[in-house]
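Can you keep this structure in mind? I'll have questions shortly.
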Amino acid sequence: MHRFGILGTGRIGQMHAGLVAQQPDATVSWCYDVDPVRAAATAEMVGARPAEHVDDVLADDSVDAVLIASPTNTHVELILRSAAAGKPILCEKPIDVDLAKVEQCRLALAIYDVPVQLGFNRRFDPSHRGVHDAVRAGQIGALELLIITSRDPGPPPPRAILEACGGLFRDTTIHDFDMARFVLEDEPVEVYAMASNLVDPVFAALNDVDTAVVVMRTASGALCHINNSRRTNYGYDQRVEAFGADGLVRSNNLRRSEVTRYDAGATAAREPLLHFFIERYRDAYEAEIRDFIDCLRTGRPPSVTFEDGRRALILAEAALQSVRENRAVTIQYDAAVAA
Amino acid sequence: MHRFGILGTGRIGQMHAGLVAQQPDATVSWCYDVDPVRAAATAEMVGARPAEHVDDVLADDSVDAVLIASPTNTHVELILRSAAAGKPILCEKPIDVDLAKVEQCRLALAIYDVPVQLGFNRRFDPSHRGVHDAVRAGQIGALELLIITSRDPGPPPPRAILEACGGLFRDTTIHDFDMARFVLEDEPVEVYAMASNLVDPVFAALNDVDTAVVVMRTASGALCHINNSRRTNYGYDQRVEAFGADGLVRSNNLRRSEVTRYDAGATAAREPLLHFFIERYRDAYEAEIRDFIDCLRTGRPPSVTFEDGRRALILAEAALQSVRENRAVTIQYDAAVAA
Amino acid sequence: MHRFGILGTGRIGQMHAGLVAQQPDATVSWCYDVDPVRAAATAEMVGARPAEHVDDVLADDSVDAVLIASPTNTHVELILRSAAAGKPILCEKPIDVDLAKVEQCRLALAIYDVPVQLGFNRRFDPSHRGVHDAVRAGQIGALELLIITSRDPGPPPPRAILEACGGLFRDTTIHDFDMARFVLEDEPVEVYAMASNLVDPVFAALNDVDTAVVVMRTASGALCHINNSRRTNYGYDQRVEAFGADGLVRSNNLRRSEVTRYDAGATAAREPLLHFFIERYRDAYEAEIRDFIDCLRTGRPPSVTFEDGRRALILAEAALQSVRENRAVTIQYDAAVAA
Amino acid sequence: MHRFGILGTGRIGQMHAGLVAQQPDATVSWCYDVDPVRAAATAEMVGARPAEHVDDVLADDSVDAVLIASPTNTHVELILRSAAAGKPILCEKPIDVDLAKVEQCRLALAIYDVPVQLGFNRRFDPSHRGVHDAVRAGQIGALELLIITSRDPGPPPPRAILEACGGLFRDTTIHDFDMARFVLEDEPVEVYAMASNLVDPVFAALNDVDTAVVVMRTASGALCHINNSRRTNYGYDQRVEAFGADGLVRSNNLRRSEVTRYDAGATAAREPLLHFFIERYRDAYEAEIRDFIDCLRTGRPPSVTFEDGRRALILAEAALQSVRENRAVTIQYDAAVAA
């Protein structure tokens, strides 16, 4: 039985706690949150103890792992404290919105022998993973074009969340950058991005954007396109299309049921897409936890690493720079190290 | 250049005339109709002469073939007169709604060496034919279940047409009986039908039905289901599904375009199906004419025969009898000959 | 916390036990099976006690409900013993394959005030339920045609299971009869069935059939068709199509993911359907248990009743009689009571 | 009856001639080609006279219009000679691959009062037009993202054609630039393109590319993405997706039939897409000719203008410049005029 401490019990932390508690070989021991009421509520839901301090969790030798789902700007501190306590870590993305802090974290982590798994949950979605697996199995030959559509349902998140999230590229597109790296056969080396404010004035007010298109090139010449919006009215639009010499493989959207309707106005009509990440990626989040438990159990390294988190952030930074300077930005993953 | 006489220039005769005229190797010489105004209109449309009498057409040695699209109760007479004149015949379905008349026609035709092709246009639909071809190619192994959905768009045809059409089974289901015979690997030997009046009082007033389900068995034990309605509000619903030991092949409905829409109410919504047979089977009607021209050109026998028309009618009669007697009816194609 | 006793821990009992154990407000107290090794295995899996005798479960006052998933021929006895012990019952379908025993059970149950829910899991499938809900909400107007496709993946079940199952109509089609009753707006009053042996000689050897088509009529004239096969090679084919005056609503098949593939051989190709009921109806089984727990919690009557189980069996018997006598069979639900 | 002269009877000229000849109100009078054998073949096919010289056509007063389908580098000359002869012009795209020549042509044309329609056939495709119409009807609210997928089937065209075509952007993407302008609500003002050589060495040998991604921004901030490849193995991949505040509308690919197949390897599999433009856009080409005939008949201006051809070429040039300089290029439609 793997005993988890949950650090951060907002919406996504609560979901993670529930999923951990459902695993036959895992249990939640502690729930911590800056808001003790929230910590207590989740703790009660999953039969765990509420923690007053993070150290209640980290100092407990019976805790086998921590799951960090606190606000992004606390990730680095919690990662390092957990690592110092020798606890394997499953941390929500992004590591941080400040690449310099991520670099410091990376250097600091080097002295600990603690597995850190980054929460790029979409890698565990059966459909997106199906695209990845088909590409790796050579079913489409060499991958030449990768098209990622990733649009959130409206309305926009509350302003407080938007202020802290680091903006569209670091908060949302970062998932797509990771998906691109997951499916592509070699690393993106060049990024160009265009962005607009079309959805809601709050984004411009925060010096953020709400609609974007990105193109990238890998060293081998494969091309990737990502498009994002902060608002659809038909649900969470999440598609990945990989095109190659021998064919095409695509992952499409999910709905709650397989009902179609025909009437005088429309035919083959279906219900809206699953609303948002909690619904669409529920199975992916569970598979992510299963994967992490498998690391705990076998000692194998995580399948999504701190370095994956860092590289996705480097791409997000490059996209931001591209928008600012209106030019393509060359990626140097190592130069970033030196920064 | 194959010169056609068109006998009957109502809606479907006019369509046939137009399609013949479009063929690079065919032309319409004469158009005949009991209504001379109608004959003249179609004749002008296709650059043909209007015929005052059927014999204007049949006595013209330069006429290579006739296309009979007159009211059903005139088919037998026109078939026999055309055959006597030595003209190859493409005749709309059904041959007649009276099986006894069909038998007489069959016997009378035996003395002429004239090709007669029956207008079961659906055999030429690329999608339904695709199902037939897949079955014949062994792609689904032995055919075990055949499911035919065939529903007309509402509102019902005018009462005068309904009165003359012979009722649902002889007018509409007859197409499905022919489709069943086209796709099945052996002949239906037993038919059971249930029918209702759900759509419009006119059907009951005419002692007809408007909604029906049919099941059939072939000698080898393959089972077939047909369902019909005289009214949909989403277009012409025409599907054929063949299921066998090694898989399933299906032909689906057609629309004018490949547009899909997503909004807050529905996703993946498409436009209504093509409205009715003129739209849905336009390509099939043209392919039917091409096939007949190919018979004229090569002298090979028609691919859809008088006997096909007779057997579909025998199945329709059996369905009627099944409804009347509420029991399964055994088919004897030869006994019918004797009748 | 609702404490369950599981009676019967074969494949489906084990699945039920696991689902009960996952509910936050339910737990499995006891697992009983004629095979104590099997009982012990499931008990260990869900943290319950293995029961040596059924009475270990029924005599335990702390047990709030029983879930009967034992062989069909033990259902009636276990229902009656559980009812006598005052335990609410969730019982797998069918009640029994012998209608006379079902009648006796019904009469005997009358003296107990114990809720009995029948395990027609498909009523809880989000897609089929979506069809039901759309019909009840009037979205398609009056229901005129109901088409149910229901085909099991091959190969056939082991001979021992086939011997005990009561044959295709009582074992498999019974689900479709219940689905028909669930979606139709009034009761079927007439049944006609045709059946064949096309799949595997084992069925003929057992005097059973493996492929069937059924048609039914309700009192109001709505027509229903069911088609069954004991073997597909593409997964579990489960579709329901309701057609009415104002449109059509359909529930389609499910797959593990939303991946499509395009290559030189095929486009838009998807993976096989979910394999069988355990996979396809996993969510439905869980919703069924949730619904039963809701009955326990609120005291409301079950949404799927013993009478539903009895009526579905009456339809199955009528289908069998129809095949034997090759005629339509009129249903008399009350006459069955008298039998 | 509108009498056409066809200038250029290669593959596409021959197709145009055939379509003109099929119109009930149009006929082909003359066919000209540099290769007199080719001219004669097409002339015979459509019952026209073969022209030895272009002037045979232009000097014939009975000719109502010319259709220019000759090699691209002859378009400008033929446009100007036809205009001088007072003949309305339907000219295949692109006007020329040299923007300076296009400017000269534009200035020269100003003195003639002759309608010139550019052959952007895709605007007449019922599916793409359906997207345009839905956007214009406000069905998706303000258009925010436009995603165009446009990939040709392999193998690449013959080297001689590639040499003359002006490269991927001027030859192929130009259609997508026009589609973008057709669907977008305001003009693109900025273009960025990335391109690769992944398909065939012939492209690199010609200093051309074979795979590309483009992003564009309009004045109002709408964003557009185009992706191209010179080779698919599943047919001609032509999709347009318009996303806006109130929903999404998409045009999907076409196939010859609506057949789907299910077997042990795949489900819902369909046949390859229609092979290439001749098959996919057959109806569009016909609608384009109908539209041009409507201009001839009514005197209204063409719906696709010389200026449309010029602007699409300006975008193609900008994409080329973007690739060369690896930066976004600002579009100045008027500056181009001055050039």
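Think of it as A, B, C and D in the order they're written, each chain with its own count starting at 1.
Going forward, a residue touches a chain if its C-beta (ideal position, glycine included) is under 8 Å from a C-beta of that chain, and two chains touch if they have at least 3 such contacts.
What you are looking at is a predicted structure, and each value in this text was computed from that prediction instead of being measured.
*Asks:* Tell me which chains count as touching both subunit A and subunit D.
*Replies:* Shared contacts of subunit A and subunit D: B, C.
*Asks:* Taking each chain's centre as the mean of its C-alpha atoms, which one ends up farthest from the centre of subunit D?
*Replies:* C
*Asks:* Need the CA-centroid distance for the pair subunit B / subunit C, whole Å please.
*Replies:* Centre-to-centre distance between subunit B and subunit C: 41 Å.
*Asks:* Could you tell me the distance, in whole angstrom, between the mean C-alpha positions of subunit A and subunit B?
*Replies:* Taking the mean C-alpha position of each chain, the two centres sit 58 Å apart.
*Asks:* Could you list which residues of subunit D touch at least two other chains?
*Replies:* As it turns out, subunit D has residues touching two or more other chains at 232-234, 246-248, 253, 261-264, 271.
*Asks:* Of all residues in subunit C, which touch subunit D in the complex?
*Replies:* For this pair, the touching residues of subunit C are 232-235, 253, 255, 261-264, 266-273.
*Asks:* Which of the residues in subunit C end up touching subunit B in this complex?
*Replies:* Subunit C residues touching subunit B: 142, 144-145, 147, 149, 151, 190, 192, 194-199, 211-217, 221-225, 227, 229, 231-234, 237, 243, 245-248, 326-328.
*Asks:* Within the complex, which stretch of subunit B touches subunit D?
*Replies:* Residues 22, 24, 45, 126-127, 129-131, 134, 139-140, 246-254, 256-264, 271.
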